Amino acid sequence: MLRILRDLLRYNPEFRIGIVLVGFVLILSVLASFSPYPPDQVYVVPPDVPPSPTYWFGTTSRGQDVFWQLTFAIRNTLLFGGTVALISRVLALVIGLVSGYKGGWIDRVLMSINDTFIVMPLLPILVLFYFVMRDSMSWLILALIMACLGWAYDARLIRSVAMSLKTREFTQSSVFSGMSTREILVQEHLPYVMPIVFSTTMNNMVWSIGLEVTLSVLGFTDINTPTIGGMIYWANQHTAMVAGIWWWIAFPTAIVVMTFIGLFLLAVSMNEYIDPRSRLSRMGGAS
Amino acid sequence: MNGYLIYIVRRLGQFVLVVFIGINLAYVITHATPIDPVEQSISAATSFGNTAPDAIEQMRTSLRELYGLGGSPVEQYLVFWRRILRADFGPSMSAFPTPVSTLIGRALPWTAGLLMISTIITWVLGNLLGGLAGYYQKSRGLKLMGVIAMGLHPIPYYILALLLLIVFGFLWPVLPIAGGSAMNLPQTWTWDFISSVLMHAILPALSLILIGIGSWFLGMRSLVSNVVTEDYVVYAELGGVDRHRILTSYVMRNALVPQVTGLAISLGGIFNGAVITEKVFGYPGIGSLLVDAVYAGDYGLVLGVTTISIVGVSIGVLAIDLLYPLLDPRVKVR
Amino acid sequence: MSNALLEVSHATKVFSRGGLLSSRRIVAVNDVSFRIEAARPEIFTIIGESGSGKTTLSRMILNIEQPSAGSLVLDGTDLSTVRSNRDRLAFMHKVQPIFQNPFEAFNPLKQLDRYLFMTRQRFSAAVGQAALEAAVDEALRKVGLSLKEVRHRYPHEMSGGQLQRVAIARALLSSPKLIVADEPVSMVDASLRMSIVNLFRALRDDLGISIIYVTHDLATAYYISDRIMIMQNGRVVESGDARTVLNAPQHPYSQQLRAAVLLPEVTGGTAPANSPST
Amino acid sequence: QGIPQNIPRKELLILENPEGTIKNAGWFNIWAINAGAQSNGLQQAALDTLWYIDPESGINGVWENALAADKPQYNADFTEMTVKLSKGIFWSDGVEFTAEDVLATVMLQIKNPGMRYSAVMASNVASVEAPDPYTVVFKLKKPNSRFHANFTVRWGAVWILPKHVFEKVPDPAKFDFNKPISLGAYVLHSFDPDGKWYIWQLRDDWQRTTLGRFGKPGPKYLAYVDPGPPDKRVIAQLNHELDVIHDIAPEGMFALAKQSKSTRAWFKGFPYGHPDPTLPAVIFNDQNELFKNRDVRWALALLIDIKAVSMASYRGAATISAIGVPPTGTHPATYHQPMEEWLKNFEIDTGKRKIKPYDPTIGKQIADMLRPSMGEQIPSDPKEIARAFGMGWWKTDPQAAAELLEKAGFTKRGGAWSTPDGKPFTVRVMVEGDLRPVMTRAGTMIVQQWKQAGIDAKIDVAQGTLPTRRAAGDFDSFIGWSVETWGGHQDLSYFLDSWHSQFVAEPGKSQPQRNWQRWSNPELDKIIEQTRSVGFDDPKSIELGKEYVKLAVKEMPTIPLMAYNVFTAMDQTYWTGYPTAEDPYTDPVPNWGNSRYMFVKLKPAH
Amino acid sequence: MTASPALPARPDAAAPILAVRDLKAHFRTNHFGVKRYVKAVDGISFDVRRGEIYGLAGESSSGKTTLIKTIAGAIKPPLEVVGGTVDFAFLPGYGGLHRAPPAEVARIRWRHLSYIMQGSMNVLNPVRRLRATFADFARSHIDASDRQFEQAVVDHLARVKLDASVLTAYPHELSGGMRQRATIALATICRPDFIIADEPTTALDVVVQKDVLGMIRGIQREIGSSVLFVTHDMGVHAHLTDRLGIMYAGRLVEEAATAEIFRRPLHPYTRHLISSLPRIGDDIQRKGLEGSPPSLADPPPGCRFHPRCPLAMAACSERVPDMVETEPDHRVACFAVNGDQAP
């Protein structure tokens, strides 16, 4: 394991940059625990101060320190996006692989369920959920709902790959090696869909975080919990963009962008690692 | 009977089932809204002037009747289906007595036009870039493109849209920043109108494209990275087949199959509209109609929009399933 | 009447090929019947034109493909009734395949040895890592490989012959009653080919394993088979005792086949012009 | 959309339509309920009714006889109202306006239940007659001294419809009235079928409208547009594509003030915004067990630091009010100033001691607090400070608040309050979210202050559900208003009448408008009943109003916070003569019916 | 004649069309915890003359495919050319496709040099009908109208006994043998100067195989192409190839005219190979080689065959025998045959 990590670090510049970016964001989110200010209190520092040695990322028009606010926000947002992605990935993988591999009526039933989820329009549902749940609509519940609504498309994608994997002869070899369906799906087909899982995971996170921001911009947000969307919501409420408080928006955006560029680079290098054909070839010209 | 015909029939059955369940779910969900359309209307009407409290009680009763909220839930449900089957969504409550279909009919062309074009451009560009990046994995330029696409991808849409707006509408004001066409220009098929519509669509479309490319890019890149190691690609390379050909007909063509599914679903999804785009750019469309309807508790309108979108997406999914054997000849229809 | 290990009766497989709506029917296997007795293990060779349905037939025997008509019964169980996981496992305990195309037979993302270990674990009461490794190594040695060479290797790191041999070793590991070998030695040199063919014979004689041997190599077929079946266009054109059939083929196609065999010797008549500079 | 094609910019005034995009754009029948828009210029440019009362000092005094030639004449017991109509007023299609139109307006509403004013008319009017073309006599079902208010524009009113159009319409509820026949000075020129803009054109015969008597309106064209989110409104005005912004966030206003030389707001400097005669407050659900006790309400009030609330909500640009009357229009002179002494001496009993909670210097404190950063803009004249920032408010007094809570049986354990029955003292503060950003900001600040005092306060963003929940009493407390006044007139019955306990709904049932706090009080009922029997302009109504104020201070059924300041930003690049604090001839806020008086005062800039 | 790395390429007609000199191609992997070094081709020299079919046979995994890939320029990491040169007459001066500029390589592909990969039934694009595949590979090299081109393809397919209808089929709809024939047709349609074929007929029945071989021979005769042909089927070699090279464990051990090899195999491995061939009607028991094939990761020192060689001598395990031309056109690398030429 360590060797693999070492080799990845040594031979894979993408991995290096990715680790640095993601590491930075993670450290930032860990820092939240050391914040000198409680995240939901306003007017704890002078408002509208541009980035300075005292306030690295400046302060908001609500008298909050952008840096510390951001530590909470990125932590919550990543947690949120991660939860959505994780749950919906599991659903998408299980349903996609099983449906594609098993075929027949299982496929039809699963795909009917799947299609039902695909066709349901998201925004009104989320908004209505919000209305019904009211202030008990925490980020976790929102994450669960989004996870339930966010797996279907990817399940279809995975199914389509699984369907063609099923026709590959090695699947038969595995069957005749006595592997159970679960083992075939997990050990034989999963690695094949892994790159897709990586990319859909990221897409899913971007999607869920984007939707969280969208809901925030529309005003459907738990304004007590700082998230990236929440920060943008408040910045928006204070017309930060035209009021010239750019740091209120620029830093959260930059951090989100950093996170995803980092994740992207990690995924690229991981894909290479998963496929031995490309993995083992890395060294060829290099040494 | 021909196997494919059996398949089509089965698939159509599934389509009908999904649409039926979907619309029912939408019905249940929209009726679960705690917003009372009558209360909403009263609040809107009375905020414009002073209305005596006793009069308001009267207003409540007559509105309830007017909006067809009388009758048992079962009756209401049956009325709903009877209407749907006649493709009639009834009157909107927040714009009573205008029919829901009129409201949707106004908004839909804008939405469809903008989203269809931008979705397709996004898809093409995203897949092209993703395909190139997956095929020429070592190319620095493409890596950079990838990072850019990925960097744009997670930018909160609202921020990007606003940024574009400030840049092209204020700092360097070359593009219109609001509306679907120039003010006071009759909506007729004149060149003036069409060019104005195009000009107005540039920024909204650009924002959608910039944000959207990343997702297709990412998907395509990973799909392609699976395909490039296949023997037929290696062989085509050794066979001196035109690089361009290899990229398109060998690599992309094989990787594209799942992406086409995605495109179909996205195209079906355009009936959902793009609320934030519509809000930021003041672009007419179905997204704001929908959100406003939700606010107003106008379930007639919400259901109208959702039904159309459910049918739209279902058709997208159906089409893709029926065409699948064409896209991937290996897949047998069962 | 004795028990049949495999009873194929009137097996037929129809494919449709072509466009979406207009499709052409292809009868890949047409009314094929034969049986292999349980009491008398044998090497049953299927030879035939390329595209004559040999692979399709093997796939039906392996229950990967369902027949469009006819039935296949293995050891008393109709294959169409094998559904539950337990049935399938029991079925695979009896029948093992060696696939035609070694490059496709293993997951390119996975190390080869896991198929071997897996097969052994699943189909025999495996006791301990050491015994497991010994068994795998033994099977590999039978086909001229060793665990050392195969361990932690990926399919793309192996030559075609090596892969074919790994596939054979894998099939051996489960000690089945029937091996369906679809051109198992097409990519192996003559010397090794003999070793493997001899191995088949040993399996038959010592372990009582029957082998359905699909091949184009008439010489090895002659060398080891008990019975032979010649297919053309999905139909059986001739079948019977291998030596009889091959020595004196009756059907025109069989005769054609027999005549087309290239002898591994340079005879005067067919000797190529040996002077390149002319 | 930019600026309209083919219309000279110099002749055009572009205003924000605060209703945004009108989904049912081609609907102009305002008498049908909610089918179309009204702030799209319809009620400012094309509609008219009998009277106007200005929220500020008025173009020609507060009271304006529009279609009526005179003030309403009531009989002694207020069961009959006679109206004399102006002569020489014409509809835009050349038909003369007469009493028949007023009759038609009333009768059509009564006949068609479900139309916007049908309930009001039906419940009040026994019959209506026109003895001659310029006289209308209303016979009322019961005495009502304020019946004319229905035909008096504060913001909107019962607008008069053209009889000659509507009499031909089979079902007036389904008639879109497109294109509208106008009674105002403008006619519809064109509009966007997608509801983004409306353009109105000055009538050639503008003299034959009620606006005619003030001279020719400046702008030949009016465009009411949907300018999009606040940031975009700012950009649009900086680009001189939006002359009047209805409202933006305070920060947007500051940005405009800083970046645009030509932008003008109500106040020349801080706090810029126009205080609407509405009074945002913390509105308790007084039927809720927890808030039935006035000591609890007072305790919560004393925990509020209004300076921080003013900062959080308006960045200090708020006009505070300690009493239940908005500090705007003529009200400070009528109520706030005369009552200051009483407030200073007002005492409450905390159970342990008596305190005087009123601090008259808070307005000044806010001004002082802002001066370092805002400098010159902050007035130093006490009068101006009072006008801009308000006068006094309740001193933050956690000690007294704790005593009051203890008096009410609450206990504090480990820094957290619990109710008399031992549960945590939880208060949800409902806000509307981004539909009313400033209220939301105030709410979060108040929650923070209550939390710091050991109360389990939570913000509850209701968004679109607010009207429904407000009506159903489905809240602990919310930030909103149940006090709205004429602004330019002392009469408080505009809101107060509906505070009568006869209208308070059972818990769980829908509450009729206004008395959201569901507060019933016999003393208040007495005041209201007395008000009903005195005339509209009767000075006695001021006395009754003061009684109400005192009662509301003692009982604290809602905690008044401040005026609803609207940051209307006016661009002087093309037009000058907007109403401002120096020349307060009307309310500049463009969705008010009154703002039509602005048109006649506007002059081209060059 | 000993293997000398520096044979000057002579520009006359008798010059070989392909000259391989001391070619060394190794698999080298050291990454992600995997460390591997396989000397799959380890010092091979030979010529292919104009108009000649050169056969390669040898033990499975002796490096034939690797050698062929190196020659055909299909070199991808971890395969690395460690040394030696590959000179085609039509691509002079670079010493191998892997060293030539891409444009040059593109120029010669299919027109001068075509390649049939091992596993040739898998090399067709699964979502492309064969007609399109033919167009992709050959259209640009054949100067004809579309109609003529199509006709040429159909005619050519007929030579491998494929019906014109396969043009409309997708690869998965064809049997392994049909795909293989299609690939062969694909590689030969442009009538290149040099055809490299790696076990192209494994999935063919003997009847078809005979036709296909006839076609290859025919094309080769018609245009004087040269062919490098790998197969394990000695019958094929006997009937098709002019000269034959035998490989064992990464090295060439014997090379001579095919007839000569069959008649008089010199190297012990070759001898064994020839004698182990079964024949129809012949019931003699035959045996495979004793012992296991050498691992190329860790090959035995000296002559790599010595652990299994019946003739092994002391020198065999110490030094590597050179290829020595024992007779004209017959080279062999064996101390037992050539005598120990050690100084």
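Observations, loosely collected:
By letter and in written order, the chains are A, B, C, D and E; residue numbering begins at 1 in each of them.
The rule is short, and it goes like this: a residue touches a chain if its C-beta (ideal position, glycine included) is under 8 Å from a C-beta of that chain, and two chains touch if they have at least 3 such contacts.
These numbers come from a predicted model, not from an experiment.
Shared contact partners of chain A and chain E comprise B, C. Fewest steps needed to get from chain C to chain E, stepping only to touching chains, is 1. Compared with chain B, the chain whose C-alpha mean position is the greatest distance off is E. Here B-D and A-C were compared by C-beta pairs in contact; the pair with more is B-D. Chain C and chain D have Cα centroids lying 89 Å from one another. The centroid of the Cα atoms in chain B and the matching centroid in chain C are 53 Å apart. The distance from the centre of chain A to the centre of chain B, each centre being the mean of the chain's C-alpha atoms, comes to 22 Å.
Centroid to centroid, with C-alpha atoms defining each point, chain A and chain D lie 45 Å apart. Annotation for chain A: residues touching 2 or more other chains are 131, 167, 192, 218, 236, 241-242, 275, 277, 280.
Multi-chain contact residues of chain D (touching two or more other chains) are listed as 229, 231, 235, 463-465. Of all residues in chain E, those touching 2 or more other chains are 34, 36, 76, 119, 122, 172-173, listed in ascending order. Across the complex, chain A is touched by residues 10, 14, 17-19, 21-22, 25-26, 29-30, 32-35, 137, 143, 146-147, 150-151, 153-159, 162-163, 166, 211, 214-215, 218-219, 221-223, 225-226, 229, 257-258, 261-262, 265, 268-269, 271-272, 275-276, 279, 287, 290-291, 294, 302, 305-306, 309-310, 313-314, 317, 324, 328, 330-331, 334 of chain B.
Across the complex, chain E is touched by residues 231-232, 234-236, 238-242, 245, 249-250, 253-254, 257, 327-330 of chain B. Residues of chain D that touch chain A in their complex: 229-231, 234-235, 248-252, 254-255, 308, 311-312, 315, 428, 433-435, 437, 440-441, 444-445, 448, 458-465.
Residues 1-7, 21, 23-25, 27, 32-36, 38, 113-114, 116, 118-120, 122-124, 149-150, 154-158, 173-174, 190, 192-197, 199, 223, 225-229, 231-232, 235-236, 238-239, 463-465, 467-472, 484, 494-495, 497-498, 500, 503, 510, 512-515 of chain D touch chain B in their complex.
Chain C meets chain E in the complex at residues 15, 17-18, 47-52, 55, 100-104, 141, 144-146, 148-149, 152, 157-162, 165, 183, 186-198, 216-220, 222-223, 246-247, 256-258, 260-266, 270-274, 276-278.
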